[in-house]
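Next up: the structures, one after another.
One chain, subunit A, appears in both complexes that follow, with subunit B as partner in the first and subunit C in the second.
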Partner chain A sequence: MIALVDCNNFYVSCERLFDPTLIGRPTVVLSNNDGCIVARSEEVKSLGIQMGKPVFQIQSELRKHKVAIRSSNYTLYADMSRRVMKTLGRFSPEVENYSIDEAFLNLDGISDLAEHCHRMREEVIRWTGIPVSVGIAPSKTLAKVANKHAKHTGDGVLSLADKGDQAKALRRTSIHDLWGVGRRYARMLMKNGFKHALDLREADDKWVLKRMTIVGLKMVHELRGIPCIELTLKPPPKKSLIKSCSFGRTLSALGDLEEAVSVYASGVAERLRQQDSLARTITVFLMTNRFQTEHPHYATSATMSFLSSTDDTSVFVQHGLVLLRQIFRRDQRYLKAGVILDAIESRGREQLGLFDPKHESSARLMQAMDGVNQQFGANTIRVGSCGDRQEWKMKRRLLSRRFTTRWDELLHVQT
Partner chain B sequence: MKLRFNREELAEALGAVCGVASSRTPKEILKCVHVEVRSDVVLLSATDNEIGLRCAVTQVEVDEPGETLVTADTLSKIVRECPDEILMFEVKDNVLNIRGVGSHFKINTHTSTDFPTVPDLEGDPDFMIPNEALAGLIDWTVFACAKESTRYAINGVLWEVTPKQLTMAATDGRRLSVGKMKFKEGGAKGDSQAIVPGKALQLFARLPGDANSSVAVQIASNRIILKVGRSTLSSNLIEGHFPKYQDVVPQDCDRVVELKTSEFQGKLRQAALLTNEESKGVRLSFAKGELTIASRAPEQGEATISLPIEYAGETTEIGFNPVFLMDVLRVADTDKITFAFKEANRPGLIKKSEDFLHVVMPVNLTSA
Partner chain C sequence: MPYGGRHGGAALDRGTSTPRYPDTAIFGHFWLRWREMAGGLALELFSLSVRVLFGLFLEAVLVARRVAIQLFLSPVAAGYPSPAQDYTDGALDLNEHLVSNPAATFFVRASGESMRDAGIFDKDILVVDRSVSPRHGHVVVAVVDGEFTVKRYSSRNGTMQLLAANKAYPPISAADECLIWGVVTYSIHAQSLCHRQSP
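Here is the complex of A and B:
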């Protein structure tokens, strides 16, 4: 049996944990640059405010309902997620961290599943303060369905171990809400008379294979309770890494863009080292605001390969800046830039190079830099071209503190 | 301008020049082929401002000389699709009329005055080289040059010319191919060096031409010109310093084995079936009388392929990217190659003859 544990309104729950005045009050969390709504409390959902809505379009509505607004605080959410996952690890030796707020657990061999999951749910909330819902089923896809319905049961746990319960739940699940059915497939399925997940479960295999490929057929088998999608316990190293973000304002000065590319190249290099990999290709891209109408949208990129794979921040920054200068045009106002690392290899299995420089000193430097930054906070040591002020950074006007990861941002309790 | 073409010869020449005319350039003129009609010959030219190619078409009957500029891709497709033996071309009011039996195409032309000049040989060439020998050197080297390296110099093939010999070398930083050819007659005027873009050499290798003919070569400070048969290719040279490749050719490979080229290639292909992005290396284990090639793809399976060899040295394991090995075996036109090595994490040296060597760096096996 598989359980899907999903943190309820995760970002909002994290914010409420450290600001109890938000409890019971409609609350939203905004995307990068405070652009769109990416998380809503139950109160906001019941007001009918849609996910992904640009905040400027509903300012008056938010004011009218006294909705609390927060910028996204990914440092806080990532740390809270780590704590939740660690707690879940006590309830199963096999946990797949599916996303920042979801995990699949293998519960094979556990006799009283419901009791086990209730205990797990209580322990997560006691130890981390984050409410979770648990869906139990024989396959991942059914566990997703179970979890969706669990949110509306009183105790937050729903088991679809029984065939009859599965059918009932699938009948109440719209085809649009099914895991693995995107907008295009949903349209196609609706057109062919599949309104609910139960209709798809009963579909002809040959038809599904023809219209939805083997991936669709696997999904249908999973709906029938035949597990086809295994738990990914150790996620494979990423084959491509990207660091990109919109700026707080449009930029036209090369100096600002150089800072941004240096910061992004440093960030993506750090992630590369975290997964113990090396990269051989770097891409830098720039784009203007696609919604502005004064000038045509302009997007450009440039790529370079190195002679040998590396994980050295200074190499990525140096070549990232070379690429930036190649593609930069003075007459444009850029809203977004990014750095992508490709041709990624695992350290210890890498293709050796004919003209490799001796890596020992670079490896020691990177190790020291990561160690210091981990202990004393991100960017304590950084490449000089990252700059000090970074005035171009994204807007996060309503950012809460990093309560769990920074000494200087700890919550103060007065007695 | 009015003339009749032998369609087959025209299609062959257009096929070559269309490889130069870029379809992805913002400059319309660089998408075009320049057609210059003289009294007994037609010259077709195209350029991307880096590489230029001119092909002469001789099976023509010219009524009226002239010149025009038309989109290369459109012209090439029309000529390819027409089944006629003879095609008639005529330019009237800036429109090129192409007529076959029962077909008539009208293509808008461009002003040819702005078309960049495609350089030709100026005076005597620096040296002549048999077409077949040059093709052999290009084949042996060009696949090993880098595509988008930060060291621009390795995005091309190094030509080192001395009065007696031409050496070509290419590397992408992980492998190196070197080929040499001694001039049999004449030789070169003097010493020179040039880094020629890989694309130019690939285009040259595809040019129609007789294997027994000779290629005239002229190297200037920033340009190389190669003339073979009725085609002349010019290319800008790549600036920069080519790495000192001689330093990375291993001199201490004390373990040498002779392998049958096609057998080794076949076995590698089998082993490569069970490699993937993550485990792209194959493990070559050289032992007394036997070479074992092992591969493993996580969550898929593994392969062990062996072949008998004449080897009496110490048992040695080295990991290689099978694609790199197959690439060089594909261009090795000899029945056998020698494979020399020393130990894991040290380069392997493959030779098809004393003048054609290939150095390939291994894949680290420490955590495989």
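Here is the complex of A and C:
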């Protein structure tokens, strides 16, 4: 049996743990740059405010209902996620951290599943303060369905171990809400008369294989209770890494863009080293605001490859800046930039070049830099072109503190 | 390591005339006499292959000896071993002492004087463990009317109260909106201001 544990309104729950005045009050968390709504409390959901709505469109509605607004504090959420996953580890030897707020658990061999999961749920809430829902089923896809319905049961745990219960739940699940059914497949399935997940479960294997490939067929089998998708306990290293973010305002000066590209290249290089890999290709892209109407939308990018793969921040920054100068146009106002690393190989398996210089001193420098930055905060040591003003940085006006990861931002309690 | 030991001795014995590989000489001697008696082309070929095989065997022995010598000599080259090397421990880590359940433990900073008599002073860091069930007498972080507070938890005679550890502060009866956030397991108080103490 597999359980999917999902944190309820995770970002809002994190904010509420450290600010009890938010409990019971409609609360939203905004995306990077305070642009859109990315998390809503139950109160906000019942107000009918949609996920992903740009804030400026619903300003008055938010004010009318006295909705509390927070910028996204990913440092805090990541640490709370780590705590939740660690607690879950006590209840199963195999935990797949599927996303920041979801985990699949292997519950094979556990006798009283419902009791086990209730205890798990209570312990996560008590230890970490984060409420979770648990869906139990023979396959991952069914566990997702179970979890969705668990949110509306009183006790937050729903088991679909029984075939009859599975059918009942699938009848109440729309095709759109199925795990692995994207917008395009949903449209295709609707056109062919599939409305509920149950219809898809009964679909003909050959037809599914033809229209939705082997991936779709696996999903249909999973709906029938045959597990086809295994737990990914150790995520494979990423083949491509991207660091990209909108600016706090549009930029037209090359100097600002150089700072931004330097910061993004440094960030993505650090992630590359974290997964112990090397990259051979770098891409820099720029785009203007898609929603403004005065000028046509302009997006551009440039790519280059190195002779041999590397993980050296200074190499990425140096070449990133060369690419930036190639694609930069003086007459544009840019809103977003990004750096992508491709052709990623694990360290030790990389293709060596004939004329490669030895990079040992740079490896030790990078190690020292990562060490300092981990201990004293990101960008404590950085490449000079990252600048020190970084006025283009994203807006996070309503940011809570990093209560669990910074000594100078601890929660204050009045005795 | 027997190979290394024997070979090491032979190599150092530079003054003597003992052949380095006596096995080869003795074997070769017998072999020559036997061939005189038998003769013939087939045996000539046979001898060739035996010699090749023997050569390979000898090579293997020598390679094995070479490797063994390297292993034997290297610790000596590193210097006299520390007499303490079997007795070392890792450095003490305060986390082990203060945090028994990392997933459920949070650090918070206290402010105010209401818990002075319990040894909690302004600006102290409190270690709060949410996995501990609050019992009578525990110091807890509680939420009262949406505000955090630190008080001593009292549950005598079926009534729950939050008591200050300072006569100037009245007890809070738990009839009010009240929630226990976690149990304070340790408080960290700076005795002498040092350079790392942050406000």
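Keep this in mind: the second predicted complex is superposed on the first by the 415 of 415 C-alpha atoms of A that agree within 3 Å, B and C clash if a C-alpha of one lies under 4 Å from a C-alpha of the other, contacts with A are read in each partner's own complex, and residues count from 1 in each chain.
By definition in this document, contacts are C-beta pairs under 8 Å (C-beta built on N, C-alpha and C of every residue); 3 or more make two chains touch, one makes a residue touch a chain.
As the structure is a prediction and not an experimental result, all values here were calculated from the model.
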Subunit B and subunit C placed together on subunit A: clash or fit? fit
| Which of subunit B and subunit C A:305 touches, first, second, both or neither | first
Now for A:380: first (subunit B), second (subunit C), both, or neither, which partner does it touch? neither
Next on the checklist: Applying the document's definition of touch, where does A:352 land relative to subunit B and subunit C: first, second, both, or neither?
Outcome noted: first
* Please indicate which partner A:20 is in contact with in the superposed arrangement: first for subunit B, second for subunit C, both, or neither. => second
With the two structures laid over each other on chain A, which partner does A:404 touch: subunit B (first), subunit C (second), both, or neither?
-> second
Note, angle between subunit B and subunit C viewed from the Cα centre of subunit A, nearest 10 degrees, works out at 90
I'd like to know which partner A:322 touches here: subunit B for first, subunit C for second, both or neither. first
Superposed, subunit B and subunit C have a smallest C-alpha gap in Å of 11
Footprint intersection on subunit A (subunit B / subunit C) at none
So, in the complex, the side of subunit B touching subunit A is made of residues 146-151, 154, 171, 173-176, 243, 248, 277-281, 321, 345, 347, 359, 361-368
Listed in rising order, subunit A residues that touch subunit C in their complex are 20-21, 23, 83-84, 86-87, 123, 126-129, 403-404, 407-408, 410-415
The subunit A residues in contact with subunit B across the complex are 236-237, 239, 281, 303-308, 319, 322, 346-355
So, in the complex, the side of subunit C touching subunit A is made of residues 101-104, 106-115, 120, 125-126, 130-131, 141, 143, 146-151, 164, 179, 181, 198
